[in-house]
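After this come two complexes, each holding subunit A, first together with subunit B and then together with subunit C.
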Partner chain A sequence: MNNYAIVAEGLSKRFGKKQVLTDFSFTIDAVGITGLLGRNGSGKTTLMKICAGHITKTSGELKVWGATPLNNLSARSRLVYSSHDVSYSGGLTLGVILADYQLLFPDFDMLFAQKLLDYFTINVNGKYSKASQGVKSLFNFICALAARTPLTMFDEPTLGMDTTVRKAVCEILIREYNEHPRAFVISSHLMSEMESFLDAVMIIDQGNLVLHESVDTMRQKAYQLEGEAEVLNAFIAGRNVIYRTRSELTNLAIIYEAACDQTIIEACAAGLLLKGLSPESLYMYLSRETKGGELACLWETP
Partner chain B sequence: MRVDFNSIKPIYLQVAEAIEDDIIVGRLAEGSPAYSQLILSKELGINPATAAKGINALVQKGILVKERGKSMMVASGAKTTLVSQRQKNGLQSLVDELVAEAQKIELSKDDVVAMIDRCYSQEEKGAAA
Partner chain C sequence: MLMGNTVKAEFVNATKLFKLKLRDSRRGILLALIAMFALVILNGLMVWRGFADSTDTLASQSMFDFSALLLILAPIAIAFIFWQEATGKNSIYPQTSISRFISSQMLSFFLVFAALGIVLVLYLLMSGIFSLVSIWQPNFILGYSFNASFLALGFLAALFFLFMVTTAFSFLAVLVKAFRFYVVIPLIGSILFVLLFPILYASRAMPFLDFLYAPSVLLERSFTYLYLGPQTLVSFLAACLLTSIVLIAVGLILKHFKLDERGADQAQWALAMAYVSCVMVILVVGASSYLGDEVYLYPSSASDVFPQETQTIIIDTPAREGATMQIMALSYHRGSSDDFEMGSGTLGSDFVMTGGSLGGDLSIRYDKGFAFEWLSEDYADSRPVSSGRQVVFEYTPALFDMSSEKLLELTQPALHVSQSKDEFSNNQDLIISHSYEGEGAVLFVPIWSMMGLIRENARNSYPTIEVTVAAE
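Right after this comes the complex of A and B.
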């Protein structure tokens, strides 16, 4: 029955007059790792918080493990939402917070959590509020991972972590997923470190779900072409071009449609350079519009 | 074994080809166990489903076989099959690239052939020494 961790149908959210999420329809598989990509303020956190039952939706349908997550304790024990900006009141120590996790989540693995804390030499007697951002992020990551809930949502899990710790976190995540497969949803601005193990990618831009695809499919569809302007223009005519740029040195086009072997052969024969695109680059090209346009205008005198 | 995440080639195919490479150079012997899904996932940092897809591609080609109660094994005759396959198709794209580059810098066919000859004779000298 529960083939899906999340099923959303026409899900929308408004904060006052501001439309934050517009008409989201998607499903998240019961087992798999989904990467959530979008620029700051695009709606990633809002989407995860609604799925976690922390805030209300404005309209549409949302089921998490077949139930409405809002004000639903049994649904809430089957998911965890972990954010980099959690704050705990007063002078709570990490040990006390861990004990709370154990109470809230029936499958919380205290031994696993303690091993992870030891691995990163984090002292459980320290106060959460006194910890650095990197340690806070790491601690929240450890708690959410050890909760072993069927759905785990990480919002910017690696914020403030140094490179070594981020690498270790990615490795721990993939190993944990091998040992205990379940549904993960992860948002990150450093997706390049995680995209190697994603199953699916969701790209959000300005409150719209612009792309939701398996990474395999995405990789087959998204590619970039580089070459002489005329050759490139002739080649991309009639194709689904999502981005096109020309500068003194490069002529670049980003295409989103299935590239069959024939396309690749034709592109090479025409002298065009064809490259694959990572989920992060695709997201960048899909949500590239900025207010200002070309950067050069910043240094122009009016 | 390495995976290029910027390549247009699907990750699972890259995994399959990397396993093939290890069979060809003899790192994986015929009749011995092949890399498991778990090892590939952990070591390459890839999704276990992708690793499984790469393994399955080789099972379909008859390069790997599932033996009852055991892990995936390298099929007998796998190396010969792969070598003859690579001899047929493997070098073509490299040769295409070589010829295209040679034409770009206006090297004649004879020049290119001479370079290849030189390369072979150097190797023979190296082997004799």
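Right after this comes the complex of A and C.
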């Protein structure tokens, strides 16, 4: 019995001259939901595809259920990677695709899949290629969920879905996880809707794994300080500052280290405003680098 | 174990992937089937029209050879399957490069098998329909008689050949992807094509390519030795089978050790170019070998129906000096009194022979005592023949080349030689007659054109008429 669904050590990926992933070392628990956060082009999809055995790694070690996923049928049959751009042969109806899943995934629950399709009033006789992006995403989500593989990876599962459907999808995911606990890895730009049920979060920025923590730990460690510049500078000296901005409107610092009671007391005493940060907010600050500097600069006269 | 998976698991997975691929190919298969049936109907109508418009005493029409079409279409379809397999993105379903490779092989094998089956069914359908017509209309003759063993052997030969093409194309994809031969393979393919092309036309149309002719011939002959000019069916099947096994085995080994989950985009153009070159090579080689004019389309030779026993006549020596022997030759179709050719020649007092002409080719050779010597073909240089020597007339009947088919056997040719002697002049007449059936509409429904490679050449067995000049 593996304790970890995925174990990566020094994992790197290069496409030609472009370094896409650099020295990733992490583990994903055999049971739990891990969120993958990162901006567009940060390397989330590449990481998931390597873990799913769809593409090769350039260097490092990677084990999925104790085996190299690439070209390994036993590893591949114990995971499903569902992305928003899954393509099937042209002209296939949703019902036929479901049958394909049932043929190739031994634990695929056809009844569950059909119930979910009924719930969302999706017609199984419709063609996949004719479906809207939202319906495609929902269908892919349902198929991957019903596959009931020990490791399920969703890449942007809610892309194109409206708010109502997104909320329903999150609820279904939670219920499914409670009924059939297993490893889920989910990448999404909408972590605010998912962070409530995530066990851990990985934040990727420009091909680097900048943070991999449990959500509880992140909530404990990430906080924001706001106040006068001199006081703030003095207070944050020697602390793990991950973001610092100073402007006429805001003067704040994002700290990522455990804030003990003493820290909170000292901050309040110094007249600084201390607020906790959600994982998504932390992710925003961790990956907020821009080439053009502050947004306000865009309206400044040269 | 195979990369941590049992061979059985890989095979089971490959079978499942094959089912999916087959399902996805269903529409294409259906379209091909409809197209082939439509071609049969269209071809049948054209044949019917051809007979109706013909004014020949012996009209001949040939139906389309669908096995030849298969030799062209199958490599294209196979190339497309492996191009898709090699350049397609990784699927969501559990699989490995080996199971994908095997499933593509399965699909290709299945399609080849099914296509050959369809060709066979079409042939049986056509033969059945026209057989019924021939019962109803006696003048309507089916050119090729039904031959079950030939059908079975031809099916086997085409199957093995196309299996070999399948494995060769899949191996090409493996090479391109495993070693990233994005340039080398298309280059080799192009060179092969450029070398083989002059064999047919290029050196004539483009003289500057003359220097390529010799290497082209060498390459073509090497290839011919193995696959295109087999002496027996068994050697052909063995060559195809062995090549297939070797290519699959090496392909699997390369798949096992050289991961090819990369370079799908780069491989697209490289493999497309390589496959286009390969298909062109197959078409060029196929056109010059399997489908060429020199290849007989059916394994029945003229010798099957032509009288084989030589007719020997002992001719008395002209007793009187100055007496001659007149050779009369005539050719006519039975039931006709006015449609015959006649030629004559003279065997003179010193046994000088001159030639006659006939519907066909008549050659004369005589025994010089130690060897036979041919008289020149046009008989312009008449030669003296010593008495007591054997004179052999070799007669090659007219082949009735019509629509590239040989009507000889259907004409039921008959040769007869007789001698008459004038008691007063001592002159003699040697009469060679060739008669044949000349009325009817002959339809050829060909199949397995590639079997022409394997059968014996009918031209090796022609009837002869031996005439011995008796000793004085």
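Assume the second predicted complex is superposed on the first by the 294 of 302 C-alpha atoms of A that agree within 3 Å, B and C clash if a C-alpha of one lies under 4 Å from a C-alpha of the other, contacts with A are read in each partner's own complex, and residues count from 1 in each chain.
Throughout what follows, a residue touches a chain if its C-beta (ideal position, glycine included) is under 8 Å from a C-beta of that chain, and two chains touch if they have at least 3 such contacts.
In this text, all values refer to a predicted model and were calculated from it rather than measured experimentally.
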item	value
Contacts of A:Val80 with subunit B and subunit C, given as first, second, both or neither	second
Which of subunit B and subunit C A:Phe105 touches, first, second, both or neither	second
First, second, both or neither for A:Glu195, with subunit B first and subunit C second	first
Contacts of A:Tyr177 with subunit B and subunit C, given as first, second, both or neither	first
Subunit B versus subunit C as contact partner of A:Lys275, first or second or both or neither	first
Partner chain in contact with A:Thr164 - subunit B first, subunit C second, else both or neither	neither
Contact residues common to both interfaces of subunit A (with subunit B and with subunit C)	none
Residues of subunit B that touch subunit A when the two form their complex	3, 5-12, 38, 41-42, 44-50, 53
Contact set on subunit A toward subunit B in their complex	32-33, 170-171, 174-175, 177-178, 181, 195-199, 215-216, 219-220, 223, 259, 264, 274-278
Touching residues (chain side subunit A, partner subunit C) in the complex	49, 53-56, 67-68, 70-77, 80-82, 86-87, 89, 91-92, 96, 100-101, 103-105
In the complex, subunit C residues that touch subunit A	3-5, 9-10, 13, 16-17, 19-20, 23-24, 27, 89-90, 92-99, 259, 261-262
